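Read from first to last, the chains carry the letters A, B, C, D, E and F; within each, the first residue is number 1.
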Amino acid sequence: MKLIMAVIKPFTLEEVRAALTLLGVPGLTVSEVKGFGRQKGQTEIYRGAEYQVNFLPKVKIEVAVPSEIADQVVEAIMRAAHTGKIGDGKIFVMDLERVVRIRTGELDVAAL
Amino acid sequence: MKLIMAVIKPFTLEEVRAALTLLGVPGLTVSEVKGFGRQKGQTEIYRGAEYQVNFLPKVKIEVAVPSEIADQVVEAIMRAAHTGKIGDGKIFVMDLERVVRIRTGELDVAAL
Amino acid sequence: MKLIMAVIKPFTLEEVRAALTLLGVPGLTVSEVKGFGRQKGQTEIYRGAEYQVNFLPKVKIEVAVPSEIADQVVEAIMRAAHTGKIGDGKIFVMDLERVVRIRTGELDVAAL
Amino acid sequence: MKRVLTACLGLALAPALLNGSAMAADAAPKLDSGDTAWMLASTALVLMMTIPGLAMFYGGMVRRKNMLATMMQSFTVCCLVTILWMVIGYSLAFTNGSPYVGDLSRFFLQGFGANWDKPFLLGAGADSATQTTIPETVYMMFQMTFAIITPALITGAFADRMKFSALLVFMTLWSILVYSPIAHWVWSPTGWLGAGVLGLPGAADFAGGTVVHINAGIAGLVCALVLGKRIGYGHDNMAPYNVSFALIGASLLWVGWFGFNAGSAVGANGRAGMAMAVTQIATAAAALAWVFAEWGTKGKPSVLGIASGAVAGLVAITPASGFVLPGPALLIGVAAGVGCFWGATSLKHALGYDDSLDAFGVHGIGGIIGALLTGVFAYGPLSATTASPQGVNIGGLAQFESQVIAVVTTLVYSGVMTLIILTITKALVGLRVEREEEREGLDLVLHGEQIFQ
Amino acid sequence: MKRVLTACLGLALAPALLNGSAMAADAAPKLDSGDTAWMLASTALVLMMTIPGLAMFYGGMVRRKNMLATMMQSFTVCCLVTILWMVIGYSLAFTNGSPYVGDLSRFFLQGFGANWDKPFLLGAGADSATQTTIPETVYMMFQMTFAIITPALITGAFADRMKFSALLVFMTLWSILVYSPIAHWVWSPTGWLGAGVLGLPGAADFAGGTVVHINAGIAGLVCALVLGKRIGYGHDNMAPYNVSFALIGASLLWVGWFGFNAGSAVGANGRAGMAMAVTQIATAAAALAWVFAEWGTKGKPSVLGIASGAVAGLVAITPASGFVLPGPALLIGVAAGVGCFWGATSLKHALGYDDSLDAFGVHGIGGIIGALLTGVFAYGPLSATTASPQGVNIGGLAQFESQVIAVVTTLVYSGVMTLIILTITKALVGLRVEREEEREGLDLVLHGEQIFQ
Amino acid sequence: MKRVLTACLGLALAPALLNGSAMAADAAPKLDSGDTAWMLASTALVLMMTIPGLAMFYGGMVRRKNMLATMMQSFTVCCLVTILWMVIGYSLAFTNGSPYVGDLSRFFLQGFGANWDKPFLLGAGADSATQTTIPETVYMMFQMTFAIITPALITGAFADRMKFSALLVFMTLWSILVYSPIAHWVWSPTGWLGAGVLGLPGAADFAGGTVVHINAGIAGLVCALVLGKRIGYGHDNMAPYNVSFALIGASLLWVGWFGFNAGSAVGANGRAGMAMAVTQIATAAAALAWVFAEWGTKGKPSVLGIASGAVAGLVAITPASGFVLPGPALLIGVAAGVGCFWGATSLKHALGYDDSLDAFGVHGIGGIIGALLTGVFAYGPLSATTASPQGVNIGGLAQFESQVIAVVTTLVYSGVMTLIILTITKALVGLRVEREEEREGLDLVLHGEQIFQ
């Protein structure tokens, strides 16, 4: 299995979720994060103290999927999260050795 | 070493932590996340606007452990986080190549 | 590529970011987490209810880098996040199979 | 009859006359320090309703990304209307002019320097002028706080999607073209609605059921219809981000409303006391009614529910506050709680418009319930004056008809004018932010700020 | 002697008489617009203490998962008691009836329509009736805000674990069976406790040390004992989620308390002024005393500490506020700060009960300290009347004994009745939520809402 | 001339005399219940400005890690100054003593027991004594709230880096050595500045432009310079964590300011009404001016901007509030909005000091603008008295010169003394926390608490 982690723009979350549901991906986990990258925040002058807002609010999703559908999932996330503007984010794919469903103790693919 | 990541119900955190301490696992890292899965939130009608609360508050724990005790740890988490109700969550296990303790520079198992 | 995940003290974040920028690492993702480990919080007696503050506020950074510079990056983080006091945190290194830049569809190293 | 119209704010003096408050019946009217003290305090209380009260109530009900922008709207309206009121709004509302609108004799508050220390004679010159025991500065300020909160209430209808520039243009026009005239009709001694038409008694609106709530409610509905639904409405999770703010906001509205209703007696007298009592009773009754209705139909009594119910009760008792006794207040409260719960859930859901924070569902419906029931439950003696010893005649059908006329007139005039003003605003600066901007959130897009970052 | 009992709220008139406020000594008593203005404002201030004041103070001290439910309790109690007070509570507390409880002559506030514009004569018919210069509506409203906050204070003791339905049942019974009678004993001209027993002077409780604080405090303690500890108590981290709310809540309590104490003079007079001054001084002294005690013993001066200390001072000065001078107020404040710090930390810790937000540790202990010291420091002239030119006799042992009796009586009656009411409530709907529910948090389980989601 | 100086608070009586409020011109002065009611309410309003108003305004502008510590500072100053004022501050400020400082005749408020129910004669014995219609307790309390907020304003300048112990030492010395004397100079009938020097008319400062705002502003600037910049200033992201609190705080400051300015009329009269009106107008004008200036220069109208602008307007109208008419208030507001925007952004940025929350940029600059324009726009009749029928002479150059003197004197004395006090404090306990501690955040380090954990 693969663990797909994507950092996306917050307001694209609903679309991404919808897209994954279509693919029959049963679940995902979401966290609020701050992103630092090419996309630069505007230079704020807050009451005279100048600084660059480097960190931008992003959303991180983590979704475990069977290896065979990993590429489709990456595809789907890309399409749904794409706005074409800098800062759209990244998708990271890692290998996942084991998954357990706490409720039932089911393992791996059965646990997804 | 393995990185064990588990998504659990928030109120089981104290138990999980206690269980790991018993196993002599020295530390863990916790984040607040929102979970999407089989467990569906009730359909809210907030002042007339109907929608489904799909995301439920969950807690994500990440704990790095020596490979040999990984299974015990998974076991322990399962028992402690188990309520038997849908939405209990999942445990994911990944391979961990390297760990460094920032304070001392100790490496790998020594760093845990 | 490698995914480097580090748990550090919140107020060292700015330094760490600066250090990575120097290394030409273009981006990173940050989350607020709570940490549990050797460093123990003081025993609080909040209005008579005694308990131990086990979880301490930490910051988790995740940064994907080409394998060849992974060690430098770990080095840099270590130096920047180091205060010498207990609770400085840990750095975890995992293998990363694939990276995609959502905006352009670029892959792997090109996507970083 | 004529006097009944001034019932709204004028009659309060009557009790003052009857109940031996400092203002004795001697020749030269004097300022009464007690009445003035209460009106100064009431003005502070009503200002508190908008900032921070309404700002928190509304700000707590939106999603995180729009919280600051929503609070900004109430605060901005407060600043904007203050200036408009000083420049021209007050003059158009409270000078004699015609039955339909005042004149410019108070343009830029001219003339305030002359009688700053004399008791204000409302409608001086008109045969139905009403003598107060407070300075005109205080009367103008008290009225200003009403002129502020009314447009601010509308913002709940178009939350999450209106341009800031559009807000400025819309509110400027609306305050001058809609609020001032309607306030004149009902509360100026020369206003036609308060005077009564077709030989009916004047409309009884003690503290603003028509002028404030129905007016803001219908305007909000029109805005919601014209701007259209929020992106993701009915699909995305639009649960309030900070319900605690909504509850605190409702609490401050409640406390401040004592100034709104009891202050409308324009003095510290028996009528003010009764107004405060019925306000408290109706509000509590409505809050409980809403939350029990919700508990029964939705399964859980929600915090937002009890807060919304309280506001519904405050709205409904507003026109009635100086006219009814505790018993009827209880009934008005229950009716408002159930009625507005239906309005903010079933009705809105059925008709499918997106009145985001229920400006119409709560203020429109609640205002109508209150205005009509005022005609049913009015207790004469409370509004008795030397001129009309009966006060608002009790349960008289005539009074009820008069209330209906006031309600309908307000709905029609405010609704139509709002539509026109929206059209003008759209032509000038556009109404709604870009789709991308709306999705990103108004806080960052419009104001470059964010909460908790 | 008799008059001393009415010292609580009645005597305030004395100063009014002496200090040439509008109410002159002429035959027909008149409403005084200044006194009425202050009482209207005070009523608003005291309401603000409960919503949003107490709601924020308590809401800020619990864990995130229970924040909304905790705030909901204060708001719900406010609505519920308003209705109960209007229906029967006021009548039971302030009509003559017997020395132990009032009668039903004000059931549903009947009779309010008749004398809405006349000055209220408290205890009309009783030989110790007290003439006020405000309408009965205002007196009833002012008292209502006290009837609201008292049960609301109790909620701090069982925070995080009580059912919402249990709250409704418990508070309904408690308000009628405990609050109204005790208020009658102490504050009604016909009440036995205020009248004094065994030939002792009447108990002196200016603004509610016994009626409000000791009463709520002991009731809270009984609730804490009966409901038992929160799951994880002493083991899980139960640190307050939002200390800023607790500090804001304490601030609003402080500001509102000016209405509570200075308003208890039932007029804008010298006694009200002194009450406000001593309130401010005792509060500041207690806040500093607590925070320094904490700094010394725990190593750090905490924000929650200074906020708690301020509340402790407000509580302790309450019964004394109309009777003491600035110097003694300073001492009362210091005693309360240190005493309540001990009560909320050492004592609770030692006895091991889980009075979650220290309803007893702060209001119980603080109330007792204040009630007793009132007997020690009372300065006669402040409460002098034509009837008792000495006012509360100074430092007299007799007065102290009388205070002890009032304290003990309140502790016993309220404690026992609370136990009985809890038993009834448990039988009817149960008291505590399920273990699973408590762990998940009351916000989601009881109200289906969550903060910051 | 002499009387003009007492214009600040004394003259208010004049209108009272003229406008037939209860205090008739008969021999024995009496308490006026209406005036007393308003002053009691005003005291509550001004206390609310500091807690929770200022605590929220400042607390909302800092980073999360310092939010509680910042709020703690306002609350602590409130408690600390209350005690200092009772012990010695009030006596030094408002007893006759010399033209430069009062005496100790009110040490520990001695003598308050004697005339608690008599109208207060300010400066009794002095030929320019001013008769009030309220008890001294109320006058002392109202003034106390000013003595509290002034040092609390300073905390904005050294936010995020001062030791808590240093705060206690600094504020104690500053309150006694700086605030009380300056208050005496300007507001005591015997004060030299209010009396006027070089044959000029006395300085006109109705509610505290010099005593409160310029005083706090310059003290803040000195603190910022002495303590130095925050670590990471100009490099780290120091955006406010909770702008909603800043907006709510500004709102409460606005509402409370009605007590501050209108209350400075020491009565519920025409002058109080005018003061409230001009306060509202100037505030709204300044808020809009700031936000439009920001919109034009920075591209976006920010929530923090409109809130800051409102405060700037409140500051600038303070000295003028009892002297000017609505028109000039509008101009003063615009000047303050633009001026303070420049002060808090360009000026601070140019000079490069780190006045964290702009104590000087807003209160210093705003206070100076207001104090000077008071001399330009003063409208005589508002401050007319039997003694000086002209009141503050209009647009007279003399008056303007007198204002300049008052401003300069305040800047110099307060600046120098603040520097000395900082030096003493540093010697005693040190001023700034350790580098590590500052990076970790004051909440955890100083108070062992954290928000939202």
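Please note the rule applied: a residue touches a chain if its C-beta (ideal position, glycine included) is under 8 Å from a C-beta of that chain, and two chains touch if they have at least 3 such contacts.
Keep in mind the model is a prediction, meaning the values are calculated, not measured.
Shared contact partners of subunit A and subunit C, listed by label: B, F. The minimum number of touch steps linking subunit D to subunit E comes to 1. Judged by shared residue numbers over all numbers used at their interface, subunit A and subunit B contact each other through mostly different positions, with under half in common.
Averaging Cα coordinates per chain places subunit A and subunit D 46 Å apart. Subunit C has its Cα centroid 18 Å from the Cα centroid of subunit B.
Averaged Cα coordinates give subunit E a centre that lies 33 Å from the centre of subunit F.
The residues of subunit D that reach two or more other chains are 22, 32-35, 37-38, 41, 235-236, 239-240, 268, 304, 448, 450, 453, listed in rising order. Annotation for subunit A: residues touching 2 or more other chains are 31, 34, 44, 54-55, 83, 94-95. By the document's touch criterion, interfaces exist between A-B, A-C, A-D, A-F, B-C, B-D, B-E, C-E, C-F, D-E, D-F, E-F.
On subunit B, the positions that touch subunit A within their shared complex are 2, 6-8, 31-38, 54-55, 58, 60, 74, 77-78, 81-95.
Those residues of subunit E that touch subunit F in the shared complex are 15-16, 18-23, 32-35, 37-38, 41, 45, 64, 239-244, 247-248, 250-252, 254-255, 258-259, 262, 267-274, 276-277, 280-281, 283-285, 287-288, 291, 299-304, 306-307, 310, 325-327, 330, 379, 381-382.
On the side of subunit C, the complex with subunit E involves touching residues 44-55. In the complex of the two chains, the subunit B residues touching subunit E come out as 9-11, 14, 34, 42, 44, 57, 83. Residue ranges of subunit C in contact with subunit A, taken from their complex: 3, 17, 26-31, 64, 94-103, 105, 111.
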